[in-house]
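The two complexes that follow have subunit A in common; it is paired with subunit B in the first and with subunit C in the second.
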Partner chain A sequence: MTKFQFPESIRSRPVYGTLEPRPGKAHLMIADAEGAEALLDLATREARLFAQGHIIYIPKTTGETYTQRLRDLGPAQFHVGPTYEASVPRIRRVLSDAHMGLQVYLAGTEGLMGQAQNEAMQAGIPHSAIQTEHRGSVARRMQCVHCKGITEDVVTDPFVCSHCGLNLFVRDHYSRRLAAFQGVCIDAEDPGNLPDPVELYT
Partner chain B sequence: MTIQFNTETFRDDYSFRNSDWAIKRFPFPFHEDSYMYSVNMEQHRGGPEGSVYEKRFDVDEHYVSEMQDRAIVLADDPLRCQSLPHMTLAGWDTLELIMVSKSEDYPDLFELHRDGNRWRWINKPMGIDHTFTFLDETTLPCGPLEYITRQAQGDYAVLDQRGDMLYMDAGMVTTQADWSLDFDIGMDFFEWHAPVPLAHEMGIFKRALKFLLNIQQGAPARRLNWTMTVNPLLDTSPENYHKWGIQKTSLTPENIGAKQHLRVELQTFYRLPRSNALLFPIRCYLIAFQDLVRIPKWGRRLHRVVRDLPDELATYKGFIANRPLMLDYLGRHDDGLPTSPGVWPDLDSEPPLQTQNDARSR
Partner chain C sequence: MSAAPQKARAGAEKIDVIVSAVVPLNELVTRFEFTRADDKAFPPFSAGAHTVVEMRDGDRLRLNPYSLMSDPADSSQYAISVRRDDAGRGGSLFMHRSVKVGDRMKISYPVNLFPLDLRGRKHVFLAGGIGITPFMAMIAHLERMGGAWELHYACRNEALGTYVDQLTSRYPNKVHVYFDDRNQAIALEDLLDGQPLGTHVYVCGPKGMIDWVHATAAAHGWPDENVHSEEFLAPQPGKPFEVRLCRSDITIQVGESESLLEAMERCGVDAPFLCRGGACGQCETDVIEADGTFVHRDHWLDDEDHTSGKKIMPCVSRFVGKSLVLDR
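Up next is the complex of A and B:
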């Protein structure tokens, strides 16, 4: 699958790179869905990383497509979680046990990478030291600036806040602390006058 | 002079009014007949007597009512005041700076009596007489930043400085021009300014950051910024935009003079002594168009600035849809005469508005 090239945007919008092997005593790899492909590509460049690797993988809609191939990389620990939320206690425990020399690799959707990056930052790892690679859906995790509720996997602009029901437009302004983009009421000045929702990046 | 504090509202019936005194001392932000972004920093070491620049933290006739409005906003949304855990010391620095400045600059309104860390703070306009222990949070009803900024006009961003970068790590934000502290807290200088158009490409933020990083204790700086607000609404927050946005569509040729306000921010910058943080007060002043055009020079100039502003800026500042209405109104207060340089009203030297009859008789 080819990687999606995000167009250039404002300074708060995250940019993602390509995972590369880095020397370290331990390697924590967290991925969802097509993010598995980034880990498989990483293995083609340095397969030995995985002997000290801990993979936490959330397949989402990809089901069994990648799980066996990831297992075949031979990671020291391999965990498949049903949702990101369900894997959070595990991620926190791993980060709290971590020592100097841990490398963190995140791959997949922006929501997964943003939330996992936030956990790592809270554990004291600077965000600039965490590698990320976007794969798969361009869906966004959005915070409603009005009610503060988070709507996951937003794929259209505008969209309806899953908490308060306001019609929100999708901004590129992004908060690492919230791991979310900002959604703002689109029809405040003309209630009910809504453009047709358009899929992001189409 | 003794300030007569207004009883007024910044919501619902909008009874906010500027006295003649407040109109003449309004911080008009345009020093020439056009506007473009600039860093436009100067030292904040006083200014002409009676001007908003004279004192370190200006107190005016709106003080008590603005503090009541802030209390309403905070009761509705406590997230408007936040401080990341490492910013408590900067909060104490802020409290000290404001208490010392106000008690020295307005001794008839504020008193600070210090006996070691045992401090007694008297705020006469708000009826507060409180003794507490400096640097001991348990002796205040809330954190030090919230405590003092519930008693000081304007928003306050407290910026931590680490590795040649400023971080928005604490603040009190209830009178903002459409930005969210809750969303932006923790961001670096370039990130929280990310949505501003054009200025990044112009290098404005790089130069501004360089300047701010070098601000020293005892040498504060200031600049002005501006936007437009329909109705004298202090809380133009993104949080409540779904409630107030509709008001922007309420302008008519009949009501624009009373409803449309120029909103000016007096931004100041102070290095804090213990935390080395940068305190960034953002003081909001509002003036109705009908009051502003009573200063002939300002009426002429505002018309020219609004008329010639690039569309991107009018869009960003949120008044592109109302610009034609604004120009109709302001155009009637611009006779085409030249204006004197600088921001001051120059009432003694600038001619009154020439009506069409005047023009014909000349």
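Up next is the complex of A and C:
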């Protein structure tokens, strides 16, 4: 089960959809881990997209589970990267060479989609025109509102800021510019007095 | 659908102006320039804005929207260019025949329903005929900002190519003109192809042209957000009909050649409006009761609203039938 239905929340919290084939001159698909399944599903709806498709895939902990199946979709270009950060120069290069008529499909974790959406927006694509589909982990990319440091793949609430060490409460308040949720000190009044961490959405 | 701008009063604030120049440009189009009667500076406007011009035509008050085509950085004057429509309702004919240098008139504060998206990396303008006017202001603005733009301008023929000479001599590499009588046409597909990411297209012209640009761009994978259009509809004549305005507690007759909005104004009802062309949403009015069919012509309400029979845009839409009661 890689699909997770996020409960309704404040307006700031991003909502994700289901990738659908759209007309375009080129198709850029960026996915991590189980996000591959969203691309495989997209292919069952319109396999021809992939002939003008460029897939950038970061398997994370899924290893080889999906790479061959993605390659079999026959994308014009297929790139497997070790981490999102390592793929950023490639994503930027693709976007800077791209023209109007490019469709962008993002799938997988919130951290990947948020950051890739940010790159696409900076390249001039309105955020509402960028398709997203959440798959896999509900881990979040969090920004500490105190030290501004980013902690990736946060799965518990509260959690410890990986930069300044404060105990942070996981908020749904999201920054599209930072592609991160906000984490706020939970024990400022009474340091050390904090609830036991629970896994997100359990 | 976004909400209409919140404002209870009818129309935008007015400015008293004096006609400072009347410049015929060709057989059909004349430019009118205005200075302020109080010699103050005009309010700044953003490129793409229009003004509603009040015309006292005998005992008839005409209010027509025209795009401001002067340089937005010039606060000493406003200018509009008016195409004479001999088969129209008479506003443009009045401008052409009766308005002289030195006349006092009232025009509204500018309202912009067709702004540039300044996040755009590049702006591609597509003009059909008199649809060139908002682009004159946009071009002036982008030239000052150093913004990237190109213009594709379709005209009937050379003699009716309003501002063609001025544009092609100033910006020979950015302006492309197409004359119908030489069978030249905008190669839209080629033009959309290969535009850099972040390009916006803007179209102003006849409805067919606007629809063609929206449909072609969508088929090429352009996001809706990057395709902008403006079309002012003129109210169409139709069968006279009767309307009960329950808040004002009167029953009025809408004549053959006036719009529902104009009929309300003639009867002293202060009905809201901004564009008078079915685009801004300001005049949206709730229907209390109706026995008949609506003739919806606006670009504001969606199809669902149109079929619901619960709303009408009095600036352009009409009604045929037995009785109509509006919440106004």
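Some observations on this one:
Here is the rule we go by: the second predicted complex is superposed on the first by the 201 of 202 C-alpha atoms of A that agree within 3 Å, B and C clash if a C-alpha of one lies under 4 Å from a C-alpha of the other, contacts with A are read in each partner's own complex, and residues count from 1 in each chain.
Following the convention adopted for this analysis, a residue touches a chain if its C-beta (ideal position, glycine included) is under 8 Å from a C-beta of that chain, and two chains touch if they have at least 3 such contacts.
Note that the structure is predicted; figures quoted are calculated from it, not measured.
Of the two partner chains placed by superposition, A:55 touches none, neither subunit B nor subunit C. Judged by the number of subunit A residues each one touches, B leads among subunit B and subunit C. When the two structures are aligned on the shared chain, A:106 is found in touch with neither subunit B nor subunit C.
Of the two partner chains, subunit C is the only one that A:22 touches; subunit B does not reach it. Of the two partner chains placed around the shared chain by superposition, subunit B is the only one that A:185 touches, whereas subunit C remains out of contact.
Residue contacts after overlaying the shared chain place A:123 against subunit C, while subunit B stays out of touching range. Overlap of the subunit B and subunit C interfaces on subunit A comprises no residues. Subunit A contributes residues 10-13, 143, 145-146, 148, 166, 171-173, 175-178, 182, 184-185, 188-191 to its touches with subunit B in the complex.
Per the touch definition, subunit C reaches subunit A in the complex via residues 119-121, 192-199, 218-226.
The touching residues of subunit B, when paired with subunit A in their complex, are 79, 180, 182-187, 190-195, 200, 238-246, 248-249, 321.
Within the complex, the subunit A residues that touch subunit C are 22-25, 95, 98-103, 123-126, 128-129.
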